[in-house]
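Listed next: structures, encoded as C-alpha cells.
You will see two complexes here that share subunit A, one where it goes with subunit B and one where it goes with subunit C.
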Partner chain A sequence: MEQLEYLFSTLLTKHVFMLFGTLAVLGAGAMIFSKNAVHSVIGFLLAMLSIAGAYLCLRAEFLAMAQILVYAGGIVVLFLFVVMLVEMTKYKERKIFQTQTPLALVVVLISAVTFLGVFLKTIFGKSAEAALTLKPELTADGFNAATHNVQAVSRGLFAEYLLPFEILSVILLVALVGAVVLAKSERG
Partner chain B sequence: MPTISLTQSLLISLIQCVLVVVFIFVVVPLTVFAERKVLGYLQQRLGSTRIAGSHTGLTGVLNRGMWTLGKVPVFSYFRGLPGLVGDVLKMLLKEDIVPAKADKFVFWIAPAISFVASVVVFATISFVPGTFFTFPHWVPVLGGLPVTGGIADVNVGLLWILGMATVGVYGIVLAGWASNSKYPLLGGLRSAAQMVSYEVPLTLSLLVPVLISGSLKFSEMSKAMALDVPIWAVFPQLFGFLIYLTCGFAETNRVPFDMPEAENELVAGFHTEYSGMKFGFFYLAEYVNMTVVSAMAAGFFLGGSWLLPFGLQGVINPYLTWLPSWLLTLLCEPHAAFFALKIIFLLFVFIWVRGTIPRYRYDQVMAVAWKYLIPLTLVNLVLAAAVRLAM
Partner chain C sequence: MVPMNQVLLISFLLFSIGVAGVLIRRNALIILMCVELMLNAANLNLIAFARHSGTVAGQAFALMIMGLAAAEVAIGLALVVALYRKKDTVQVDGINLLKG
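After this line comes the complex of A and B, so read on.
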C-alpha cells in the first residue's frame, strides 16, 4: 500500500508531465517532418493537446482549457481547412516554397540562437528566490488562485488591466473589419 | 469524512469511469432502438418489428387480441429490441473496407478522434452534487468511502466540455478528407463549417448560466441554476434553453441540420467510405454527443438533479416545508435519477424533432446561425445580465 502510494504520487507529479512534454515534442516533430500537409496538421494538434495536458500537470486548469478551446478548437481547424483546400501536390506550387529556403534558413538561425540563449538562462541560470506571481495582492483577497483559477484571471482582466484588455479587443475588431473590407473589395 | 489516499481516489475515479461508460452503453443502444420505434409511430408505421412476440403462445394471444380490437399489439412496442444485438454483431463482424487511394493513417484515426472526443466530455459532468453513494464497510480497500457524482468536477468543467466538443470536429473533417472521394470531402467541409459556426451561439447561450451562477464548475452551475435564481430569471433561461437546444441539434448533426449526411445530395456525407466498426464509431459518437448535449441542457436549464426545471425549484422550496419528510426529500433534494430522466426525455425530443421538422438547405443553415441565433443569444445575454444585476 505504501509503495503503491509512493509510485502513484511520483507518477502523477513527475512522469505524467514528462509524458505530455515528450508527446508535444513528438507532435511538433511530426508536424515539421511529415511530407503530407494534413499529417502535419494532425501533429500540430497532438502538440497543442499535449501542451494543454502539461499545463494541467502544472495546475493551471484555465490555461489548459483555453489552450484546447483556442488552439486545438479554433486555430488548428482553420489550418486544416486551408491545407485541405489548397493542395500542395503540383510541381509549380512546390517551387514557390523552394524559393524561400535561403530566407527561411537565416530567420531560423537567428531565432534558434535567441531561443537557445533564453533556454540556457532559464535552465542553468540562477533560480529566483520566490515563485513568480503576477500581482499577488490581487488574488490574496478572497480567492485562492489554485482553486479559483478563472476568477483570478477575470479579476486581473476586468479590474486591474481593463484598459489594455479593451485596447486589445479594439485591435481585434479592427482586424475583423479589415478582413471584411478585403473580402468585399475582392468580390466587387 | 475519512481521509482518502491517492491510491483510493484513483480507484474511485476508475469505478466512476466504469459507471459512466456503463451508463453510455446502456443509454445509446436504447436510444437507437427508441429512434426506430418512435420515428415509426410518428410516421404511422410500426418501426422495427422483427424478432420477439409471435402468433402462438402467451404473446400470441395478446397480439392477436389487440389486433382484433383494432389496436397495434402491445408487444410490438418491444419488437425489434433483440435486433439491436444483431446490429452490434453486424458492425463488429462486417468486412472493414479501406479504399485503395485513401490515406490509411488518417482514415484510421478519424473515427477514433470522433469517438474519444465525445466520451471524455463526461469527465466533468456531475450527475448529482456531493456524494452519489458510499461504499459499505466490508468492501476491501474502499470501505466507507464516498463516491462523488462526477468523475472530475473541476472548476473549469464547462470549458473542458466546449473544448472537447470542438476537438470532435476533427474526426468529421479528417474522415471526409482521408476517404479521397468527392462526396465525403464535401460532406466533411460542410459539417466543419456548420459546427464551427454553431459553436458561437452555443457558447453564447451557455454564458447565461455562467453569468447567473458565477462559476464554470458543472455541479455549482447546476445547483445555482436550480436553487438560487429569482423567478424572473425563468425568461432568459427559457430563451437560452431553446437556443441552446437548436445549436445542440446543429452540433450533433441531427436532422433539421444534418448537412454532413444529406442523403439526397451527398450519398452519406463524410462516412460514405466507412464500413464495419469504423463506421460504428461515428454512429456511436453521434449518439454519445446527443447524450452530452442532453446532459448539459438538463444540468444547466432543466434543473439538473433537482425535480423542477428553469430554477423553479428554489422558488417553490420554501412553500413545501409542511409536506411529510419522505415526500420533502423526494421533491426538494437532488437525485441522480431525475438527471437521468431529463437526459432520456431530451433524447426523446431529439427523435421527436427528427420525425417532425424537414431538413434546412445549406445556406439556410448558415443564415440561421449567423443572422438569427447569434443576435438572439446576445439579446438573451443582456437580459440575463439585467437579472444578475437585480439578484
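After this line comes the complex of A and C, so read on.
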C-alpha cells in the first residue's frame, strides 16, 4: 500500500496516463478505420481497457474494475457474438464508408478546430497548469474519495444518490424486457 | 499527478473519433461502438472532475452512465439482430424504407 501511494503521488502517473490515453486513441482509430468488423471490436476492446487504466491513474479503482468487468467482460463479448451472427456471410465489406464521408469529416474537423479555439485558453492556458490535486475535505461519513475509494463510492451511490440508482435499475429491467421482445423470432 | 489539460485533451480526442465514426461508417454495429466510445469520453471527464473537486458525486454518476450504456447496447444489438432478420443487412444506407 505504501508503494502504491508513492507511485500515485509521483510524476510518473502523468506519463502512464498519457500512455493509456494514446493507446485509447489508437484503439479508437483502429476501430473506425478497419475493414473487418472483428478487428473493429478488438480496437474497441483496446480502447476500453486503456480507459480503465486511465481511471486507475485518476485514483478511481472501483470504476476501473467496473469498466473492465462491464466493457471487456460483457459488452465486447456481446458485440463479438452479434458480429459473428450477422457479418460472417458478408465477411469483407468493399465499401466501408458512407457517401457523405468527405463532408462529414470536414464538419467534424471544423467543429474540432472551433472547440479547440474556444477552449484553448482553458485547456492549455495558465489556469490549467495546476495538477489535479485531491481536496482534503472528506465525503460522507469521513471516507476520503481517494484513499477509501470503494467505501466513498458506495456511500455516494447508496446514500446520496439512491433515487437515480433505483431509476437506473428500472431502466435496466425495461431494457432487458425490450431486448428479449426485439430479438425474439416472429414465428415463436 | 495528472494535469487536467491532459485528461481533457484525451477525452476530447476520443469524443471526436466517436462522432466521426458515427457519421462516416455504414456498419450499424460500428456506429453502436462509436456511441459507446462517446459515453466513455464523457465518463473520463466526470471522473477527472470528481478527482479535482475531491467529492464522489462524479464517480457515482460515471457508474450510473456505465449501467445506462449496458442497457443501450442490449437494446441496440437486439435492434441490429431484428433488422438483419428483416432486411438481411446491417449497412445503414441499405435501410431506406421511409424514402418510399
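Heads up, the rule we're going with is that the second predicted complex is superposed on the first by the 120 of 188 C-alpha atoms of A that agree within 3 Å, B and C clash if a C-alpha of one lies under 4 Å from a C-alpha of the other, contacts with A are read in each partner's own complex, and residues count from 1 in each chain.
Operating definition for what follows: a contact is a pair of C-beta atoms (placed from the backbone, for glycine too) under 8 Å apart; a residue touches a chain by one contact, two chains touch by 3 or more.
The structure presented is a predicted model; accordingly, all values stated were derived computationally and were not measured.
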item	value
Contacts of A:160 with subunit B and subunit C, given as first, second, both or neither	second
Touched partner set for A:183, first subunit B, second subunit C, both or neither	second
Which superposed partner A:99 touches (first subunit B, second subunit C, both, neither)	second
First (subunit B), second (subunit C), both or neither touched by A:84	first
Subunit C versus subunit B, contacts on subunit A by residue	C
A:107 touches, of subunit B and subunit C: first, second, both or neither?	second
Which of subunit B and subunit C A:66 touches, first, second, both or neither	both
Subunit B and subunit C contact sites that coincide on subunit A, given as residue numbers	9, 62, 66, 74, 85, 149
Residues of subunit A that touch subunit B when the two form their complex	1, 4-5, 8-9, 12, 36, 38-39, 42, 45, 49, 61-62, 64-66, 68-69, 72-74, 76-77, 80-81, 84-85, 147-150
Complex contact set, residues of subunit A against subunit C	9, 11, 13-14, 17-18, 21, 24-25, 28-29, 31-32, 37, 40-41, 44, 47-48, 51, 54-55, 57-60, 62-63, 66-67, 70-71, 74-75, 78-79, 82-83, 85-87, 93, 95-101, 104-105, 107-108, 111-112, 115-116, 119, 122-124, 128-137, 139-140, 145-146, 149, 152-153, 155-157, 160-161, 164-165, 168, 171-172, 174-176, 178-180, 182-183, 185-186
Residues on subunit C engaged by subunit A in the complex (per definition of touch)	1-10, 12-14, 16-21, 23-27, 29-30, 32-34, 36-37, 40, 43-44, 47-48, 50-57, 59-64, 66-75, 77-82, 84-85, 90-93
For the subunit B and subunit A complex, residues of the former touching the latter	5-7, 10, 103, 105-106, 109, 154-156, 159-160, 162-167, 169-170, 173-174, 177-178, 185, 189, 192, 196, 199, 216
